[in-house]
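Got a structure for you, written out below as structure tokens; questions coming shortly.
Here the chain labels run A, B and C in written order, and each chain numbers its own residues starting at 1.
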Amino acid sequence: MNLNRYASPSIFYPLAGRLVPVFAALAAALAAAGLYIGFFVAPTDFQQGEGYRIIFIHVPAAWMSMFIYLVMAFWSAIGLAWNTRLSFMMTRALAPTGALFTFLALWTGAFWGKPMWGAWWVWDARLTSELILLFLYMGYMALQAAIDDPRRADRAGALLNLVGVVNVPIIYFSVVWWNTLHQGASVSLTRAPSMAQTMLWGMLVMALAAWFYTLAVAFARVRTLILAREQRAQWVRQMEHEA
Amino acid sequence: MLSFVYTIVRREIVLATRRRGDWLTAQFFFVIVASLFPLGIGAEPETLRAIGPGVVWVAALLAALLSLDRLFADDHRDGALEQLMLAPYPHALLAFGKALAHWIVSGLPLIVIAPVLGLQFDLPPAALLALVASLALGTPVLSLLGSIGAALTLGLRGGGVLLALLILPFYVPVLIFGTGAIGGVLAGTGAEANLSLLGALLALTLLLAPWACAQALNVSLE
Amino acid sequence: MPSASRAESVPVLVAAGLACERGERRLFEDLDFELSAGEALLVVGGNGHGKTSLLRILSGLSLPAAGEVRWRGAPIRAVREDYGRALAWLGHADGIKADLTPLENLRFAAALRGRALDDAAAHRALDRVALARCAELPARVLSFGQRRRVALAALTLADARLWILDEPLAGLDAQGVDMVQALLDAHLAGGGLAVVTTHQRLALGACVPRTLRVGAC
């Protein structure tokens, strides 16, 4: 199959090298456009004032944090099933970015919550699940850091991701269940009362920017991982020789 | 097949009785952690009743974790784990036997001690019953999920702390449903809904965890 | 007996194109051998050349980076449980639980292989490795060499066709070394197979072990 060709690190390395600047430029342009929409085009919310504008960071970050976890689980499954090294490297390269977005979502959530609810932190179901998601990312990265043998690190991390992805819906359900029992804050960030069309557009553009940023950063990281792991391979030596 | 699981469980229990000190430590840890909370928070009966279920359950989570990092580590160190892995039975059975043994050795005693701790927190008899029932359904899940973490962190530096970091997030649903059952009794809505959810969780974990743990053992021993 | 000689020449354990990687380093590759009934393979090579790694691959504890191991013609992954019954493994760590007595160790070892073990047989096995007097002591008080002997007793009770022994002579005194050689001789004479690593000389009676050098790849 043609796609298989790209699963080889020696093919993927130069390809990713060409793609990283493209993705980075796209991310920068989209972020500029998204922020422009967010700050200048979108109207001031009549209930929440200017403070609501943080959702242009918060919501895309929250989306990405969950999406990246799913993508990691996907690559983990592929890696375990077909033993493709590149899949494991993708998983590993995505984790810090996923954790970053999770942290960003929590941080901006706190900034948003202070003026809205008068508290930096509320035990809202979404915020709580996001916090647990951050723990899951941290666990994955800690496990990777603790294992020296790359093969074991790859496979153990992948297995942990699969256990995680089975558990995430259960955790989310349990947290929602807990939240309804304890009647905590039921205000949620995305349930803004009047979501203007421009606000939605702003968030979508920002989400795309975050998506391209993730691609750029993950590919750059995969490139360094490939170099670190294949330093003895023929093609890497040849490349060094040519440089 | 069953005799293999039985052999593993019997072996773990014999080994635990030879090291009674280690075994008692985990049980005392449970009691001490739970007893510290009233000292930190205050002893008004209202407060105690409110925090009691959560405190006992969190202490149970921590006590289960305490003995988990040795689940495979001892056998790994003296080479017995290799013999277990080469035994002519599916690895999932080995994982299941190990988790079952862990539950018998460290989960069952918690269930027996918990009502006494519940009394410390001024829980009424119906709530104590719910506490025991929720622990009976929940602690096997702790052992099963924990066995995956123990297998993944086998032989790593800082294995115990890492194990806690990996596994505690997965314990969240057990904690919520477990305390929810007791809270339901206290609030007068009954424990059935939460206990059913715990039961469903136990069924799912029984199905998947031994398999995942077996895979993790294979990865870690390579 | 023509049928017997034909059966003997059929390779029972086959390694085909094995390669092993540790970290990013390739320890060996394209390693092939065939072993028939009554044959022993002596694996030699320097420290860190992959002797233990090869043994772990042969036992099925590790996966090779390439190639496969076949038992009676089938890949060992496919017949793992049959292979487990046919295989006895003695690694660097002997797998003897310090909290159990030698007798209990033997009983559990047999039970984990799905075999019942009567006391008489266990005592006989311990007697064979000159440990009859220590049968009821906790293994913790035994010396390293004595624990190794308990592991050897377990080996003789395993009723396994294939022995994979990693440094079986390590930590044994002269009498213990003779004992291992005698056990191996008896095992091979009964049609068994053995794969052994050792740094010491192994003097086997009837069978001249084949030698396989690993590493330097």
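Couple of notes before you dig in:
By definition in this document, a residue touches a chain if its C-beta (ideal position, glycine included) is under 8 Å from a C-beta of that chain, and two chains touch if they have at least 3 such contacts.
The structure presented is a predicted model; accordingly, all values stated were derived computationally and were not measured.
The most distant chain from chain C is A, comparing centres defined as mean Cα coordinates.
Legend note: the chain whose CA centroid lies nearest the centroid of all displayed protein CA atoms is B. Two chain pairs, A-C and A-B, are compared here, and A-B has more C-beta pairs in contact (counted per touch definition above). Chain B and chain C have CA centres that are 37 Å apart. For this pair, chain A with chain C, the centres built from the Cα atoms lie 49 Å apart. Distance from the chain A centre to the chain B centre is 32 Å, each centre being the mean of its Cα atoms.
None of the residues of chain C touches two or more other chains. Shown for chain B are the residues in touch with two or more other chains, namely 222.
Residues of chain A found to touch two or more other chains are 151.
On the chain A side of its complex with chain C, the touching residues are 148-151, 229-232. Taken in their complex, chain B has these residues touching chain C: 3-4, 7-8, 11, 14-15, 18-19, 77-80, 82-90, 221-222.
If you check the complex, the residues on chain C that touch chain A are 21-25. Chain contact summary for the complex, chain C toward chain B: residues 59-63, 80-85, 87, 89, 91-100, 104, 108-109, 111-114, 138. Partner chain A is touched in their complex by these residues of chain B: 148, 152-153, 156-159, 162, 165-166, 168-170, 172-173, 176-177, 180, 183, 197, 201, 204, 208, 212, 215-216, 219-220, 222.
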